[in-house]
Amino acid sequence: MRPDNRPLNQARPIKITRHYTKHAEGSVLVEFGDTKVLCTASVEENVPRFLKGQGQGWVTAEYGMLPRSTHSRMQRESAKGKQSGRTMEIQRLIARSLRAMIDLTALGERSITLDCDVIQADGGTRTASITGACVALCDAIHQLMANGTLKTNPIKGLVAAISVGIVNGEAVCDLEYVEDSAAETDMNVVMCEDGRMIEVQGTAEGEPFSHEELLQLLDLAKQGCQQIFAVQHQALAQ
Amino acid sequence: MRPDNRPLNQARPIKITRHYTKHAEGSVLVEFGDTKVLCTASVEENVPRFLKGQGQGWVTAEYGMLPRSTHSRMQRESAKGKQSGRTMEIQRLIARSLRAMIDLTALGERSITLDCDVIQADGGTRTASITGACVALCDAIHQLMANGTLKTNPIKGLVAAISVGIVNGEAVCDLEYVEDSAAETDMNVVMCEDGRMIEVQGTAEGEPFSHEELLQLLDLAKQGCQQIFAVQHQALAQ
Amino acid sequence: MRPDNRPLNQARPIKITRHYTKHAEGSVLVEFGDTKVLCTASVEENVPRFLKGQGQGWVTAEYGMLPRSTHSRMQRESAKGKQSGRTMEIQRLIARSLRAMIDLTALGERSITLDCDVIQADGGTRTASITGACVALCDAIHQLMANGTLKTNPIKGLVAAISVGIVNGEAVCDLEYVEDSAAETDMNVVMCEDGRMIEVQGTAEGEPFSHEELLQLLDLAKQGCQQIFAVQHQALAQ
Amino acid sequence: MRPDNRPLNQARPIKITRHYTKHAEGSVLVEFGDTKVLCTASVEENVPRFLKGQGQGWVTAEYGMLPRSTHSRMQRESAKGKQSGRTMEIQRLIARSLRAMIDLTALGERSITLDCDVIQADGGTRTASITGACVALCDAIHQLMANGTLKTNPIKGLVAAISVGIVNGEAVCDLEYVEDSAAETDMNVVMCEDGRMIEVQGTAEGEPFSHEELLQLLDLAKQGCQQIFAVQHQALAQ
Amino acid sequence: MRPDNRPLNQARPIKITRHYTKHAEGSVLVEFGDTKVLCTASVEENVPRFLKGQGQGWVTAEYGMLPRSTHSRMQRESAKGKQSGRTMEIQRLIARSLRAMIDLTALGERSITLDCDVIQADGGTRTASITGACVALCDAIHQLMANGTLKTNPIKGLVAAISVGIVNGEAVCDLEYVEDSAAETDMNVVMCEDGRMIEVQGTAEGEPFSHEELLQLLDLAKQGCQQIFAVQHQALAQ
Amino acid sequence: MRPDNRPLNQARPIKITRHYTKHAEGSVLVEFGDTKVLCTASVEENVPRFLKGQGQGWVTAEYGMLPRSTHSRMQRESAKGKQSGRTMEIQRLIARSLRAMIDLTALGERSITLDCDVIQADGGTRTASITGACVALCDAIHQLMANGTLKTNPIKGLVAAISVGIVNGEAVCDLEYVEDSAAETDMNVVMCEDGRMIEVQGTAEGEPFSHEELLQLLDLAKQGCQQIFAVQHQALAQ
């Protein structure tokens, strides 16, 4: 039995609140059950040095957790003086995923930074971050279109991300913390709306996983992403 | 004329939401107008090394701003690898202010860390932080009392903080960002309920300030803190 | 046509040299074509703090590139004062993969650190690292068995890793640098000898990849790992 | 009874030695009793990036303590790899105070850095630093006037700083270390010659302080600053 | 008796392998007995800021040890976040020594970085580094001559380095680790082919050394360097 | 002609002021002409971890320059977040030199830290530091003897240090800054009273130096150290 009697193939209730804060060009609070992440998109009219003069833009991401977003307090990374390997790994994943939905040449020589800050953590913070950042990025792009900065829409499509895994021998969708910490296999999948994949990251925490288990997990991930795309479209339609 | 026609001696609408996140022993979202700060209190059953074996507890604080809490994006301090002087100055102020409301001996050999993270900034983030952290600290202490960890209440009273300043030659209470950046003098005051002061930090940004101006500012601060204490008590009564 | 007319499903010549340096308990030079990585295993008779007193051991890994292992010189990470996100990501992957082959309880309260230092890079440094570190780890364990420190062999089996990807629309095995930098999809797979997987990390660098492409890549990875296991067994037999 | 039977309203013997070292444009050893701080002013013909092209100059400050300036040895901040919060707080205070005495537009596009290094500490190092840096800054400006770099004198007036506090229930002026560590309230005041204030920073270390106590402390601070201005003028007249 | 019955005035077998890795302009594996160092020379078409526009080039060096090049594992400097004092001292010595063999004006506005990475350490890593880097630097210069970038050869001559010391009261040449750790005096000498010296660094680890002992050591160093110059010339002739 | 017509073999006027500051167990201002260094010795009743329980003490050193001790202002190392290679090299030299004068077993399990902070730099700061730290160390040891902490005097003898070099083709003693920056060869020598050497560090800045030149420099160093020992003894006799 999963927590709250959730069916194996069902994501937690997902909620997307746009315009959550007032300064950012895109600002979204995304909730996957009790996991809450604030995703902002910030536009800057320049590009990193390695791209200067190449007629294309850039999309990057940073990730952080508030010290007490977790069950016991984590040390603040700015106080420690460095970001952990986990933080770096996650923000690189978010950035690659979001870049996949943008035509960087159509974006022109400007950068968009997605900041994903976890307000409350209950499993799946990286997949919630990608899901929310996608909507924040759309809002930022729409503002650039609306004020005439951009003539062509550089958005190639939405992206969504979900975690799937094997818990007590069963494949389940969208693991919350208690499931995640007991999972034998944990997999994060980032998808396009047409079902093709941008990222697949599967890790055997305990037992290695078989080809058949992998296929099961990919099937669950596809179902989960479809639920997410529906919520994203609904939010963007408001 | 102040923004929104606010009277000179009036603080912005102040809102305190308790139990804002689920993991922390105390968790408060405090709003001073558009300034929004999440304040959590985390209890740990040990003390810093310099206090070990002395039969007393400790209260400390950390402060951070989300990168896009501000008008233009600030660099993330964890990515820069260090906290700015401003951040350190503010978190030291918050810690001193909160320690003043606790009998550290009655707290016993345990620590409480107040994390104040600015979700949205519009002036007065440090005074909002102290005000919200006070309530989060009360909630954490009440939980320690309720579960029997503490027998005696170590809370000596509430603390509130307000910024006052001289803008266009007039003394005003609770400056928002547009006022703050134009202020000739900026002063932060932390008070107890009996009107005595814990901290007074006044800075002449342009012209030096006279003794008379200082008295005017202190009077406004007292009025502002009275408004805040009312909101704190109301929140704690719910 | 692949470089050197290599068939699509074939790994580069793989060479494993044991006892490459004299101080380490395990020391292996692994070569995947022109990619050369020195993998050493170092045994220490203690465990990280979070494992103290729990009757189990630990396996961890660190990864580095010599500054001129690459086509143009990279800045030395010790001189920059921090490891890049890529470095951290890779060393976490190596550590997880190697831990999967060891029964940590049977290892007892000791740690083994795998250092993977890239002498020359030509694509696939992380998969070569895992492949070589596996053999170095075996050597270190065998030494602990030989000198009587360990009574029970904690090795559960070998692990091998290979990169696969889609280059010019075709799925290929074990990408070298020129292929890697042109790949539309890049995937690293870590396998056990029974064909089950420990890690799958697939990334669409350009176009998203379909379910069918994923299956093709997994099939190639399995073939590549079989080639690697043969080389590992041959090296260990000497 | 205060140490050395000093009257409550009297500062320690204050001594200012100009031209203390030979390289700096201004170099002052300031002594407040046993507290000794070397203050140098260094002129550079450029401004920080945020001021470039705006036709104004900049005044900044850095503060440090020699490791054995204190009773027991402090760790060297350069060896630790970062400045403490206290150091940052103090150098920001010194910089703001000194900027208040200079017309930055009249200074032109150049910077003056005040380095305040504590040779021996016995309480009041930040107020001694401001007092000494004021004279070093005057010397640097006079040199710029003398060699024709500056046509108009950008000095608006002198600044002086003093600590006051409540010790054993009595308000006292210019606390030395034994008083400072026992003080219930500690206040630093930076003043202009006309008695107006640039900074007021009062902190209740133990009991909160009342409005009346604040007024008493401000009165003592004014008396103390008058003593300091006399010493500064005398030093500058030589 | 020295290890392996080596005569007091004889260096260990010295071996220089050119073109050891494929990317660098110069790449040399140098072996002094069991000490093995990979030395690469990397050419960049620019100079550090302090030399811009002065019509001269620059030669610099960096040094590192692989974590398990030593008997027990050393912490990785990139993970610690800083280079040790010993590392900095050695790389400054290597750089000064190599700069002495180059006419920087003839080199033109370009930089050559020598990276010396210790694969296996058994005493004398800094002298092996200088010796190997000299050959790598020659190879890089020859390549710049061969492709027409340089018209004039900026090489003034070769440099070689050897350690000498007093062990058990006797002066010996080229100390290996067991000798080095027991030495009363340890001296590193860097020489030109004409016997003149570039660096002499002698340190009394136990007893101070006399003038006569110093002369003895210098004589041994001269003999050792002559052996090294022969090996360098032989390697360069191939 | 040398500056001030100083003879080739003569050191600058050397002055040693004991008890320069009040907190340290040893506190010496040492002056070599215009070079002024404050050297303090701090005793701590414990040893670094690697020496615990071995029944011996430790002597270490740290070195720093005040930002404006030099002709143009240097960046503060604590603000940069790290010590330069030069700083590390110098403080390692000072520590080794001072350790050579102490019987560490007779010192017992305690540490003495020598802090050498340059107040004003005019060449020879490292040799002045060693010379002054020697006297500060004597004062600290004498205090430990006087208060009964130490029964046996662990001092084996005094050490002195001098720089010598070749300037305009002539060997000179105790180079000041203008000479140092023009020197072809620069050598620092640390000696015992019996003329034996603890450190010799010679560097060819321009031309390599011959055996004869080295002998000349060592002779000058010996003469210089004799002048220094006289000043040290005179200071200690007061």
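Labels A, B, C, D, E and F are assigned to the chains in the order they are written; within every chain, residues are numbered from 1.
We adopt the following convention: a residue touches a chain if its C-beta (ideal position, glycine included) is under 8 Å from a C-beta of that chain, and two chains touch if they have at least 3 such contacts.
Everything numeric here is computed off the predicted structure, so don't read it as measured data.
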Given subunit A and subunit D, the chains that contact each of them: B
Other chains in touch with both subunit C and subunit E: none
Farthest chain (mean CA position) relative to subunit D: C
Equivalent interface to C-E, taken from A-B, E-F or A-C so that over half of the residue contact pairs match: A-B
Furthest chain, CA centroid comparison against subunit F: A
Length of the line joining the C-alpha centres of subunit A and subunit F, rounded to whole Å: 59
Distance between chain centroids, defined by C-alpha means - subunit C, subunit F (Å): 50
Inter-chain centre distance, subunit B versus subunit D - centres from mean C-alpha coordinates, in Å: 28
Shared interface positions of subunit E, touching two or more other chains: 81-82
Running round the ring (origin subunit C, first step to subunit E), the chains in order: C, E, F, D, B, A
Subunit E residues within the subunit C interface of the complex: 21-24, 27, 34, 36, 38, 40, 42, 44, 62, 64, 66-73, 76-83, 87, 113, 115, 117, 119-121
Partner subunit E, residues of subunit F touching it in the complex: 82, 84-86, 88-89, 91-92, 96, 100, 187, 191-192, 194-204, 207-211, 214, 218
